[in-house]
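Next up: some structures, all given as structure tokens.
Each of the two complexes below includes subunit A, the first together with subunit B, the second together with subunit C.
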Partner chain A sequence: MTDDARAVNPAALERLLEMTGGDPGFLGELVATYLEDAGVQLGEMLAAAEARSAEGMVRPAHSLKGNSATMGAERLAELCLQLESHGRSGTVDDAVDGVRAAAAEFERVKAELKRLRAPG
Partner chain B sequence: MSAKVGRVLVVDDERLNRMVLRRALEAERRTVSEAPNGTVALEILAAEPIDGVLLDIVMPELDGYQTLAALKADGAFDRTSLLVEAAPPPVSTSPGRSP
Partner chain C sequence: MPLTDRVLAPFRRSLRTRLVGYFLGLSTITVLVVGTIVYARATSDLTASVYDRLEAIAGLKAEALDRWIDEQSRNIVFVGVMPGVGDDVRVYLDESADAADREAAEASLRHLLATIVSQTADAEEILILDLDGTIRMSTLADHEGQSQADEGWFTTGSSHTNVQNAYRSTLTGRPTITVATPLFDQDGKGRRVAIVAANLSLQRVDRIVVLDRAGLGATGRAYLVGSDGVPIQGTGGSAEALRSAAVEAIVAGQSGRDMYTDPNGTAVIGVYTWIEERNAGLIAELSQDEAFSSAQQLALTIGVVGLASALLLAAGIWVVARRVTRPILSLAATASRVRAGDLEATSGFRSDDEVGVLATAFDDMTGELRENVATLERRVEERTGELTSALKKLGEAEELYRSLVEELPLAIYTDKPDNSNTSTYASPRTAEIFSYPIARFYEPDFFNSIIHPDDREWLIDSVGGNLDRADQRFSYEYRVIAGDGRTVWVRDESWIVRDADGKPLHIQGFMLDITEQTLSAAEIRRQKAYFEALVEVSPVAVVTMDRDERVSAWNPAAMTLFGFTPGEAIGKSIDDLILRSDELRQEGHKLSQTATEEGRAHLISRRIRKDGSPLDVEILMVPLVVDGEHLGYYAIYHDITELQAARRDADAANQAKSAFLAGMSHEIRTPMNAVIGMSGLLLGTELDEDQRDFAESISVSGEALLTIINDILDFSKVEAGRFELEVRPFDLKRTVEDAVGLIRPNVMKKGLELGVTFEGQPAPMLLGDAGRIRQILLNLLSNAVKFTETGRVDVTIETTPVDGRWEARVAVRDTGIGITAEGMGRLFQSFSQADASIARRYGGTGLGLAISRRLAELMGGTLVADSAGIPGQGSTFELAFVADPAPAEGAAVVGERGRVDAPAFAGNGELRILLAEDNPMNQKLALRLLKNMGLTADVAANGLEAVGAVGLSSYDVILMDVQMPDMDGLEATREIRGAAPSTRPWIIAMTANAMEGDREACLAAGMDDYLSKPIRPEALAAALAVANAAHQ
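So, the complex of A and B:
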């Protein structure tokens, strides 16, 4: 995937909207929940990376991977999958850079979600 | 899940997933209960008439495999339909376990 690829696949949001009854207000609640939880999960991932805690990396990376895939944040989901795999294999000594890359991608995702959710 | 499954228990540690599944199931006029892990799921199954369970695998406390084993052990499995909601992790930390 190239750096200029979209941070969020709008088709995923459309599918989510359809699946949940077509209520844009509810989709907004989902986006807000995702953004709130992602901030916490990234914080836990960074703490785990800094502490070189493989066990501490797995759960937040797994959670953010799944939630990002749900929201169409495919690149962020891929980065989290890599970090989750590093955690499961016990190789998190160099994970700080990976978490920072995920955090930077999350900023792109956040901006894209706000743009997609903006009126008009 | 079949049309006769009216009361569904969603077992998932991710609140985002629970929100999505609740809304989708309620749109099909199903009654939804939620549990964030297997321990709470078993408590609900003991207290409420549940027709079907949507079960995540990777969860804290009591995971999907352990919850499934407990359901089979006490016979609750015979009274409910069950769908496993999520794939197992790419690299298993417990190679001896299976669904």
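So, the complex of A and C:
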């Protein structure tokens, strides 16, 4: 969480790789799934923020938070946690900015993941 | 009643008469019918036989007649053929012949004729006629010279012999039969010379027909009738034609049989035969009386015999009926006697027949009646006796009550039913109470005149008014000026005696002298007012209640505090005033109960104002007890709203702190688990020695850190009051051994000795939280190891049964540095250690003992320490608690969560798993982890799909994400549990939330286990191992 320089913590990915049996192919699959889902989840979050639907915010933010944490996208997970909390407490009036920030961070995560995956 | 009825009445009444009457009528009819039938049959038979007989007779007579006539014809013919007769006749008739010859011939002839007539009675007259028809010679001389030429017999007789039957002779005028034959000369060989004829005598016919009465009985007769209807007979008889049906038939030339009236007017049965040759009819008749006399005789005999028999039988019936009815009449007579009151009457009739049974029953009934009457009389006698005795007792009782009334220190009275207070009775004590002669009270308006002037008017009004009121009883207190000038206070209790219509008859009552009581009551009232004033002016809200918690006093301060005025509050239940919620009511009752039991109750709570707003109050309640009698409660309310608000703020802050701490711990614990897990995985790979050392170091540090974090988490939970025990059956011995086993490597490492001793009676499976007990023991053991450099650590377990429960003492003794007296004081406080230097030297949070003691207390047990404070002698910690034995069947249900060291599933690989997870990435991840363990799973993307999948095939384990769209994991679990309770998959929740409440929610929904996300392979393997064990 303190490492602002890197969007993705490589250690987390390493751990994930090991945990799942050290199969880089599977990890690639997992990353692809993550990226795909994350796009959908961000879309849902944006829609919820614009509609000021606190309820609609919780689920995609929660999912993206969990997935991002697993992927080592700690900054993104943090942003999603905030949005999820806003959703749970019903304060999503200013969430649009938060979702935009998350989307921006996601772009970084995406780039980073691609970069990390490229050599390995 | 019509005359006939009156006459017949006795017969109708008498069974006997009716019986005989019916029988006689019936038998008479029978006899008549039989007689008539017999008579008719006999008559018919007789008729036939009479006809036959008469015909036979008629036939015989006709034959006899024929025979006779034939004989006469032969006789005449014989005359004609006699030698010489023809010649003599020729001579006699030849007038030209010699006279002498003629004379001789005449004489010879005459002689011959006379001889024939005289010899045979059958011929009346013999004639010789010339061929002209003139009678030339006759035995009856006067007939000579007459001509018979016109007669039939002559004409016919001229040529041959013939018989002229029954004709009326012109010579005699009588019926006659004539036989004629021609007479020839030369001895009959010559020429015809004359005709000879004989008129036959009808006497002979009479004899044949009429006089021969053979077979004709007494009244029968037979006779000949000519074709003209005149009877043909020799003697008597008329020349007139006869008149009867038979005669008419004969005249008509008919034959037959018939019944008719004969010419004499007698009813006859007859046969008539027309005989052509005789030109006559023969009639044979018999009087019907005679002919049918035998039939009449028979009918008569039957009638007589029948009627005689009927009479005989009737007589018999009469006698029998008499025998039957006599006992009935006798019974009737007896019944009349019984009715008339003669209960001794009995029929006395005995027999085995129906009447006998009736009579016996009747006698039995009479006997019963007799006994009943006797019993009744006896009872009446007894009752009379009782009545007499009761009357006597009544008299005694009356005397008793009268003396009571007169001796009671009361003015007992009966007054007229008006407001004059005029007595019709006043008890003797009245005079003493009021110091007036008793007679005065009987004077109208006397009593009213001695009532105290201030009380008189209202009292008279009240008494007058009472007469119309329905109240049963009235009570007044008033003053009366006595005869000696005293003012007497009386309590007057009265009631109105009314008749059935409610009209007042009397006023009754009594007066009690309450002068003394009244005066002392006034004093009490004064004191009461004083104390009431004290309460009134009290600045504290004071409320008094009766035993039912009904408000009896409510001071102005209470009004200010709660808003209810005393008028609104007094008489109402405290429940309806300031305890207007079920919770508060329960609390209120508990409070008053405590006050009653302990003499005092103190509580800080809230009460509700009149306007509904809550009010924080401090309440002091004491029971009001006077002379040992519990009268009610006295309660003081003190407004502590501000105080409470401050306190609640503090509590909230504390709770927030705990929640934060719990959350933080969780946030730290998750990555810590990862660190430990990773290092564990790392150690499972091929490493060189240095790498292995580093990895082990990471692992050990991680474990240490996790312990600290768990301590903090536990402690914060305990502090926040969120800690809950999981009470399950467990084996204490095994739990202790587990803990000892865990610490054993550390003990060995430090070169210490470890001893475990079990004492007392071995305990069975107990109910308790084994995990917490192990936690406490681990804490004690690790402390012991930590603070002991040399020597040993001993664990002693002692279990003792106490009243069906088990008392357990687990002591951990070491030979370490010990604890000083000062250190003992701080020992169990949180975040403190016996010595500040300890922390530096030994590390640790200082939370372990605090948590352990809290846990022990949570289990209802104790944790105490003992140490001399001398290094080397060490210290002793003892955990003591009491547990219930586990129910027998529960013992094997829950195995302890095994310690799974490797992230590989240790089961047999045959688990059927359903993964319910909506997040595609998590799906992939979980499937991969399972695959690495050699397991596969079906996937459901939400709760609905999960429920559907369970419906389709059966699963051993369901990994259930809690947060899913459409149907979340909790609901899906409830569905699955509700739908198929028999097949019970092991459901493991997977959730990112790690608070205790989530776990409770999952278990409450029917889940069996719980995994935190992100899922660690080790944790998953462990959970599946448990699931597999449960599945097995």
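Following the convention adopted for this analysis, the second predicted complex is superposed on the first by the 115 of 120 C-alpha atoms of A that agree within 3 Å, B and C clash if a C-alpha of one lies under 4 Å from a C-alpha of the other, contacts with A are read in each partner's own complex, and residues count from 1 in each chain.
Please note the rule applied: contacts are C-beta pairs under 8 Å (C-beta built on N, C-alpha and C of every residue); 3 or more make two chains touch, one makes a residue touch a chain.
Model, not experiment: these values are computed from the prediction.
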Query: Is A:T70 in contact with subunit B, with subunit C, with both, or with neither (first, second, both, neither)?
result: both
Query: Taking the superposition as given, does A:E29 touch the first partner, subunit B, the second, subunit C, both, or neither?
result: both
Message: Under the stated touch criterion, which partner chain does A:F106 make contact with: subunit B (first), subunit C (second), both, or neither?
response: neither
Task: In the overlay, answer first, second, both or neither for which of subunit B and subunit C A:T20 touches.
output: both
Message: I'd like to know which partner A:S89 touches here: subunit B for first, subunit C for second, both or neither.
response: first
Message: Output the subunit A positions appearing in both contact lists, the one against subunit B and the one against subunit C.
response: 19-21, 23, 26, 29-30, 33-34, 37, 59, 62-63, 66-67, 70
- prompt: Can you list the residues on subunit C that touch subunit A in the complex?
  reply: 674, 677-678, 681, 918-922, 924-925, 928-929, 931-932, 963, 965, 992, 1013-1014, 1016-1017
Field: Residue ranges of subunit A in contact with subunit C within the complex
entry: 15, 18-21, 23, 26, 29-30, 33-34, 36-37, 59, 62-63, 66-67, 69-70
Task: Using the touch definition up top, name the residues of subunit A that touch subunit B in the complex.
output: 16, 19-21, 23, 26, 29-30, 33-34, 37, 58-59, 62-63, 66-67, 70, 81, 84-85, 88-89
- line: In the complex, subunit B touches subunit A at residues 13-17, 19-20, 23-24, 27, 58, 60, 86, 89-91, 93
